[in-house]
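Notes to accompany the following structure.
By letter and in written order, the chains are A, B, C and D; residue numbering begins at 1 in each of them.
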Amino acid sequence: MSKQLITIATEIRKGIVETVYRKQQGHLGGPLSVTDILTALYFHEMKVDPKNPGWEERDRFILSKGHSGIAQYVTLAKKGYFPEEELLTFDDLGTRLQAHPDMTKLPCLDFSTGSLGQGLSAGVGMAIAAKRLDKNFYTYVVIGDGESQEGQIWEAVNIAQKYNLDNLIGILDLNGLQQFGWTVSDEEQSEDKRVRRAPEQRALEKWQGFGWQTFEVDGHNFNQLLSALQSARTDKNGLPKMIIAHTVKGKGVSFMENQYEWHSKSPTNKEYEQAMDELNSILLSFKSKQRQNTSIEVKPS
Amino acid sequence: MTTTIGKVESMRSVFGKKLAEITQSDSMVVTLDGDLGNSTRLATIEKEVPEAFYQMGIAEQNMICVAAGMASVGLQPWVCSFATFLTKRTYDQLVVSIDQTMANVKLCGAYSGLLTSNTGKTHHSLDDIGLMTMLPNMTVIAPGDANETRAAMEAMYNYNGPVYIRLTRAEDIPNFTTDQSFTIGQGKVLEEGTDVAIITTGSMTYQVIKAVKILKNKGLSLYVLHLPTLKPIDSEAIIKAAKQTNYVFTVEEHYIRGGLGSIVAELLSEEYPTTVIRIGVQNEYSECGKNESLLDKHGLTPEKISGRIISKVYN
Amino acid sequence: MTTTIGKVESMRSVFGKKLAEITQSDSMVVTLDGDLGNSTRLATIEKEVPEAFYQMGIAEQNMICVAAGMASVGLQPWVCSFATFLTKRTYDQLVVSIDQTMANVKLCGAYSGLLTSNTGKTHHSLDDIGLMTMLPNMTVIAPGDANETRAAMEAMYNYNGPVYIRLTRAEDIPNFTTDQSFTIGQGKVLEEGTDVAIITTGSMTYQVIKAVKILKNKGLSLYVLHLPTLKPIDSEAIIKAAKQTNYVFTVEEHYIRGGLGSIVAELLSEEYPTTVIRIGVQNEYSECGKNESLLDKHGLTPEKISGRIISKVYN
Amino acid sequence: MSKQLITIATEIRKGIVETVYRKQQGHLGGPLSVTDILTALYFHEMKVDPKNPGWEERDRFILSKGHSGIAQYVTLAKKGYFPEEELLTFDDLGTRLQAHPDMTKLPCLDFSTGSLGQGLSAGVGMAIAAKRLDKNFYTYVVIGDGESQEGQIWEAVNIAQKYNLDNLIGILDLNGLQQFGWTVSDEEQSEDKRVRRAPEQRALEKWQGFGWQTFEVDGHNFNQLLSALQSARTDKNGLPKMIIAHTVKGKGVSFMENQYEWHSKSPTNKEYEQAMDELNSILLSFKSKQRQNTSIEVKPS
């Protein structure tokens, strides 16, 4: 039985909003921005087995922008790694679901993050290890656009290219916002009502300049995401791959979209209800559309 | 002096306001943010003195050396980020570009210790006293309340050289200091007694003040020394505290390896050997949790602190 | 046990050879270089087991996390650079990617201390004991001679978890240890006496052995405890040394703030308060200079060490 | 009275070899590689006054690749900042001429370096300060190609572009070697006999990708160096400038050129003599050429 990726992603978004609302703590903007990417990876692209999380041949995944951990937890729960009820322990003392992914607590995590800029390097290490050990797994790393300001990212980029890591696939969650960032001028504001931004305008030039193969996609369009992921996986040309995914921070909840304050903020009752209404109506409208055309399906795992 | 407890002021909001004031009054002062201004309240400067606010993005190493370069031309940069990233992510830069050059840079470590708004072990700063006091030219300050933060910042502004200030995110500390001025390197005796000396710093002094109430009820006579400056250390005050009592306890929101307790043990072992019990975070990582749970887990609530002291003294 | 002095072997050359041996015998072992292999002798591996050598360039932060990623897949990476860059430049990475994940990574800090082949203060590593012992899951080793380095490396190889080994560039230290095996966490009593205990580590143990000759001539009865492991610390051995003598001196090629002396003072202040005098680098930066001049400037020659002890004991 | 830049540079090279030989310690490859750049800066481009080293309006200079300090010391001595005899204190206990530049010891240094990757950031700070204080000085920073592997460089690059620092001029000493680097294949070797290298092949793409204005020059050709420096200074277009200078490590001494071992190595008597002979014959041949054509002259300061 296959479910539509959009449905899954929307349900993940609901789980994110629900958890942060109930616990009254955690991040929202970044998790909602990266949801479709996680859905594409866990429900279509990656070779993983929820029943055997330690499987040596599994593809590896690192959420380098670790503050979006809640998005990964909901995704993992939906995929069947652990019961959804455990989500309600998020951020509690003693939980396996730490604010930032902690592999020592939750074994289905391939790496720990939380301090920005380190995950891509760990991915380089995994990709080198795969080559050294003749293993065919791929390593996927999601980084943020704000995170890309960390110099360590560019150290990793350089070494990945030097060692021809075509088994390393990065995804840049390019949502144009970070935690605080820079103010924008009045005319920039009018466009999408954002009042601050992470001024990354040269992502493509930078990654190409450093010798990576790049793909540019709408990070909320599964057709584009999946086809880029497939090319990235199959082009065994010695080049590490970066999928530059244009995304919207807070995606799916109108009043959170492109608003930097929603980086980490807990919804009030009213905000929670509006958010869930909006997400539910996406689900509904998608279900009616579904009857009309066929969309991308989830690979049976 | 016995402590009088005043109103609760948020340390970070005072930090933002005081720095905006300084920046407004002196055009040589500039501020550098590591993409956390809305958390740390450095955002106040962007709002009130925008031309003195530089957003350096999520790139702490560069930020530190940019500040050093600015200082070499005569500016007085104040750099602010979470304590954990400000110190650990940039330690070589702090050594080579700031401390070795004696740059007139003010380093503000927000969200220090365990109380980082429930973000967990990657965000805890439990080693920054150790890190920063190993730097030969660094001055290290950890104010106990908002009032002292304000006074310490004025002193930092008037001091020529690198200073690190360690701030807490906790927002439930009432003012217990009243001094309008701050002398770098000077400890403050909050209680004079003869059984036990408690030496504290930063956010833990208020917890100790509360612990003292419990301990007095148990009939102990207490000496309380608050050390808002960790470097240069007030050796005289520490030795005096040790001489007047039978035990020395130190309390800090920091690893017991390398921090205040370590400094006190180093000093007293050389000058006046005596029992020093270091209360703080043991050799382990912490995790997510609300402020109260984390302090409790690590034995840093007034109840746990007083319990530890009692069990040692009456054992 | 009294020390017998054997032949001079270069610690770095033994490091390169032993690591090449390990790498040859186990294909899960890999090595990472921070563009200093010809200095540190990691180059030996590139020559003898080229497929296990990864040049990571001048990018220490990435190197540390690459090693952590490799370890997560089952490899055992040995990372080598100058101690100062390996620790200070990557401290946040060491915390978050290595120590918090308990990665099975071996960190080799070459050219530690003052003796960095005349390169000056940016290259001196006088804080790495402090830095590395603040990490909850880290094991910290500082062998005293080439023989002990070889044995310690074998122990590191067999231990599952992060280990930091602090190596000296000095090439005039003869082997004074003879053990073929190394037990992590165990100190070695080199002399038993009753007046003064000297506790040492790493490169300084040999200087102390020479100082002991001078001190014996002055009629002092000495207890010498060599601690090649700094974490976990051999508390029992330290307490025993303190109990048998009247004074404890610590000697290290490190700042007296935060290092071996600090660890000893922390421990004894809690367990057995006694006088601890920390001999090491004071609160100041050093500079260029030949090995002998630098040791002399900082009071770390046998003459200066013994002089300091005598003036304290007979003052 | 003006002297030819080539003559000055060759004399500086002699001073470098002489000092390292006499002291039997220090670096050679990097200092010889950067000599012409330093000569162009101190003897032509920069607004400095050896009699007033603390002059507030002076141009600032940072040798980010601080292990080449000896080259800067000899240059400063030749320029008249301190007597040449002081060069013989290089690396001694108590000297002002530390192995790596130390501004707290030698006041005519604008910044201290030695740990690679930090100097460009300090330059960004100076350039921002100049704008803030309405000062017209320029900030020049020399970095190494090996050094460019440090992520911090790219953090600085990003911020310089964001703050439109067209008063910041970088020079990349692109000599294709670092301290140890990577082995080269046999065919790569034949070209210039180098057995290892720093594999930077994308400098232009990287710097342009990050939004800097670039210039590519032969770093041993004064015509090219000076004209790039002049354009960099005069293009007030809001872009920070990077002059990518192709250089030869060990330049001027045949047996040191392109040989990684000469990164830091002290010459024997025989090597010293041969090196000085070679440098002297450059001086001689240049003097005879000088009679025939006019070359670039030193600006009177």
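Brief remarks on what is shown
Operating definition for what follows: a contact is a pair of C-beta atoms (placed from the backbone, for glycine too) under 8 Å apart; a residue touches a chain by one contact, two chains touch by 3 or more.
Because the structure is predicted, anything quoted here is derived from the model rather than measured.
Shared contact partners of subunit A and subunit C, listed by label: B, D. Chains that touch both subunit C and subunit D are the following: A, B. If you average the CA atoms of subunit A and of subunit D, the two centres end up 44 Å from each other. Spacing of subunit A relative to subunit B, judged by their CA centroids, is 36 angstrom. Centroid to centroid, with C-alpha atoms defining each point, subunit B and subunit C lie 31 Å apart. For subunit A, residues that reach two or more other chains under the stated contact definition are 102, 112-115, 117, 149-152, 155, 158, 162, 182. Residue positions of subunit C with contacts to 2 or more other chains are 57, 59, 61-62, 84-85, 89, 92, 95-96, 100, 121-122.
Chain contact topology: the protein chains form a complete graph, every chain touching every other one. The residues of subunit B lying in touch with subunit A in their complex are 33, 35-39, 43, 46, 50, 55, 57-59, 61-62, 84-85, 89, 117-123, 287-290, 293-294, 297. For subunit D in complex with subunit B, the residues that touch the partner chain are 56, 60, 102-104, 110-115, 117-119, 121-130, 132-133, 135, 151-152, 155-156, 158-159, 162-163. Those residues of subunit C that touch subunit B in the complex are listed here as 84-85, 87-89, 91-92, 95-96, 100, 121-122, 127, 130-131, 133-134, 136-137, 255-258, 261-266, 268-270, 273-278, 283-285.
Of all the residues in subunit D, the ones that touch subunit A in their complex are 149-155, 158, 162, 182, 199, 202, 205-211. Partner subunit C is touched in their complex by these residues of subunit D: 25, 66-67, 91-95, 98-100, 102, 105, 112-117, 146-147, 149-151, 178-183, 198, 261.
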